[in-house]
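Encoded as structure tokens, here's the structure I'll be asking about.
Labels for the chains are A, B and C, by order of writing; each one numbers its residues from 1.
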Amino acid sequence: MALLIREIAQLVDGELSGDGEQLITSAAALSEAGPGQLAFIGELRNADSSAYTSAGCLIVPKSTRSKFEGATIAVDNPKFAFAKAASALHPRKDLPAGIHPTAEIADSAEISEGVFVGAFCFVGENSVVGSGTHLQAGARVGSGVRIGKDCTIHPGVTIEDGAVIGSRVVLKAGAVIGSKGFGFVRDGELLIKFPQIGTVVIEDDVEIGANSCVDRGALGETRIGAGTKIDNLVQIAHNVQIGKRVVIAALSGVSGSVVIGDDCVVGGQVGFADHTTIESGAVIGAKSAVFPGKQVRKGVWAGIPVIPLPEYKRLNAHIRSLPKLRKEVQNLGELVNRLESLFRGRK
Amino acid sequence: MALLIREIAQLVDGELSGDGEQLITSAAALSEAGPGQLAFIGELRNADSSAYTSAGCLIVPKSTRSKFEGATIAVDNPKFAFAKAASALHPRKDLPAGIHPTAEIADSAEISEGVFVGAFCFVGENSVVGSGTHLQAGARVGSGVRIGKDCTIHPGVTIEDGAVIGSRVVLKAGAVIGSKGFGFVRDGELLIKFPQIGTVVIEDDVEIGANSCVDRGALGETRIGAGTKIDNLVQIAHNVQIGKRVVIAALSGVSGSVVIGDDCVVGGQVGFADHTTIESGAVIGAKSAVFPGKQVRKGVWAGIPVIPLPEYKRLNAHIRSLPKLRKEVQNLGELVNRLESLFRGRK
Amino acid sequence: MALLIREIAQLVDGELSGDGEQLITSAAALSEAGPGQLAFIGELRNADSSAYTSAGCLIVPKSTRSKFEGATIAVDNPKFAFAKAASALHPRKDLPAGIHPTAEIADSAEISEGVFVGAFCFVGENSVVGSGTHLQAGARVGSGVRIGKDCTIHPGVTIEDGAVIGSRVVLKAGAVIGSKGFGFVRDGELLIKFPQIGTVVIEDDVEIGANSCVDRGALGETRIGAGTKIDNLVQIAHNVQIGKRVVIAALSGVSGSVVIGDDCVVGGQVGFADHTTIESGAVIGAKSAVFPGKQVRKGVWAGIPVIPLPEYKRLNAHIRSLPKLRKEVQNLGELVNRLESLFRGRK
């Protein structure tokens, strides 16, 4: 969607310098932007590079003396302002309302106004799809599912029976919501499946990555809080409770009944043992592990198992200097032996 | 499926107290169960909480003096008994036999009695689907595939050509069975694919998680033993041999030609280097790694690379106390230096 | 495709001994090969086992004195020669050109000669599919996608809008190419999505594993270089640049804007922090992590964070002997105390 530069300045609440009447049609990286495109400088130290861009407009940090000769919009947080402007310039793909003739919709399903249903989509009995939601090619929605408004369900997503999806939720290609969890009870040699008959609730404005999986509750529910963003190939097990605005990077695994508080940030390839608790605002570094029985407080954590980041760095330094420590102990041993010999020689 | 309380008591071989003639229609968590629902107390120490449940019937450990006033069924292993009863109360979703008009079945494929084939399913040439098996929406079965009885193939599963699937197998949404393995031979700059022309056998009662992958053998076969349960997002490479009743948690990766014996338990995010061997009954802790050339014996293992769990815990304690050790060595050094000065002063 | 033994000898540039006029129809493992099948001995020390195979022809290392009585082909690199011959014996599955009647192809899409489009495939507006490419059942191609010649797109693959795919590319089942990346800007409590409007380029001869994900660029592009091979369940984030002939094993995650040079080899479950750089020819051991800010030079690396392999092994040995070091320090402390007492006793 094209916007005038002054409209963008207004949108991001920034200070406009230069001609605000030019039209901007898209956003681009600083080095690639051309006329009619919006770019940004994230930090003051990058201001010099702005001389070389052909962008139609630059968002810059306040108090930048940019060498750029075109229009600029000065703000406190240029990356945030750029993201906001780019969202307006590049709204969600516009898909025409309507149900593709190849889609299979159960008679009892309720498809609201303005819904796009792509080729080979399947919607089961008694499911409800809210207005403005897109179901892209090959998306599969089970029975008794409730999907809110303006969701974007990418190709090949599977939503199993009874799942509840809020509004403005984005499920990327191949994501699986509401699969039965992984719980077994052993009695001697026999493994019997613990019932996986609960449900799953994905609240508003959640984003779930490509080929990520969110299992339903065993009993009770699995819940992903409003505004939470989950990357690709992440596993969320049965009965997990994730708070609001949590960010979880790719290939992390959250075991059964874990509780993650609001505003936590989780790096890639992190593992959480079942029944652990992460307090609101905790940051868990990539590749780390929360071991069984752990309750992680607010703060920054790293390691296998996680410890506070400063301690992790200190320990790592100690480990790196182990060869030196070993040598010191050896030298000390030799010195002590010499001392002892001298001493005994004196007797 | 509704059951009388006395029928449940009989099913789990438990001691009934109270009115056995009431009807139970479903299973639920202790805190959420209402009249007509079955719940359980796993451990004696939780017996007090039972006073507050509204469940229609409780499964309890033997010798519990529960404050619960309704019917109870006392057993040795309540969780196991509950799982067994819940399986009876919540059988596999009942889907009507028949082939959805949108499904594409090759003329030479053989679909047995009582099979459910959902919308947009595809079954290739010469494949066989056993009686009572469900192929849910969008499942894709290649050519020459054999699927046994009463399997549940969830939406969007892909079974590649020639795979052999036993009976009562559950493949969750997005699982890929029989993809070509990842093997290349390098000659100078050239990477050439090693042939991936073997097959894959999934034995009876196996469960494979959502978006998990099991590659076919390069030459020969990949095999998953009867009763083995694999969680979501797990990678099983070419020519892996997994025994019976093995449990593998999410995001673990098993490299080519690994052998895992019966009854092993593997945590989440574990990695196995190719050609390693895990003896029957071994337990591999989450996040650990089996390095090349390793043969893992029965017992509990942890770490990168894996070592026996007690040793792992000891080493971790040593690592955690490295700052203390460093300080001790430093103090000792100072003491020795003082001693030496004193000694030399005496000479 | 059947070949005469002498044709195979010629193909792999090997020295034929025995009857070259027999027909070979397929490749197999040494222990399983029968008449009419080709097998190989990788190393001289395995030459004895060749006496027991029933293979129709063996590829052997030069200077082997095999006890095998059939035809042999001697080469410098038997595994490579075997792979080359097997590729000829087992060419890509032959699928008849044509578009399945259930497939949905946009009017403006361009499907070249000799393309196979399977059941329930979807191809969006203005997309181009090159000659000889196979789209297997349920593959989904968005709008404005360009796919080269002779690609194999397995079932259930999703290619999002605007992606560019080279020739002879293999995308295995469930792979997702061009999903929007995972980038958010935080302003106080608000998380706003950074634009994910770039593109993705998969060069010639790339292979991408089952259920792996390659995100499009945020701005600019994500690029996978020619001949690179990526295993199952791998995550490639936005704006990653991967060179040519790189090999990446399963469950590895490459964060945003990482640059990996040509001919790198990456083990399984490796993690790369965003904006890190890996120089051409580097080898990163399984399960390791490249931490933020790191530039990895050519060589072999391991650990969390990665260090050169010899150093990693040395450090691991030091860690393993920590209990011994602790004991030594303790003994030394006691000895010093005794010395001190003796010394003070003398005063």
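In the analysis below, a contact is a pair of C-beta atoms (placed from the backbone, for glycine too) under 8 Å apart; a residue touches a chain by one contact, two chains touch by 3 or more.
Predicted model, so just to flag it, every value in this text is computed and none were measured.
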Discussion item. Rounded to a multiple of 5, how large is the rotation, in degrees, that superposes the C-alpha trace of chain A on chain B?
Written reply: 120
Fill in: Copies chain B and chain C touch via same or different residues, half shared test
different
Discussion item. For chain B versus chain C, what separation do you get between their C-alpha means, in angstrom?
Written reply: 26
Discussion item. By the touch rule stated above, which residues of chain C touch at least two different other chains?
Written reply: 102, 120, 138, 156, 174, 211, 233, 251, 269, 304, 319, 322, 325, 329, 332, 336, 339, 343
Fill in: Touching residues (chain side chain A, partner chain B) in the complex
102, 104, 120, 122, 138, 140, 142, 156, 158, 160-161, 174, 176, 179-180, 182, 184-187, 189, 191-195, 197, 211, 213, 215, 219-220, 233, 235, 237, 251, 253, 255, 269, 271, 273, 289, 304, 314-315, 318-319, 322, 325, 328-329, 332, 335-336, 339, 342-343
Worksheet item: In their complex, what parts of chain A are in touch with chain C?
Response: 26-29, 32, 77, 79-80, 82-84, 86-87, 89-90, 93, 100, 102, 118-120, 136-138, 154-156, 172-174, 207, 209-211, 227, 229, 231-233, 245, 247, 249-251, 263, 268-269, 286-287, 304, 319-320, 322-323, 325-326, 329, 332-333, 336, 339-340, 343
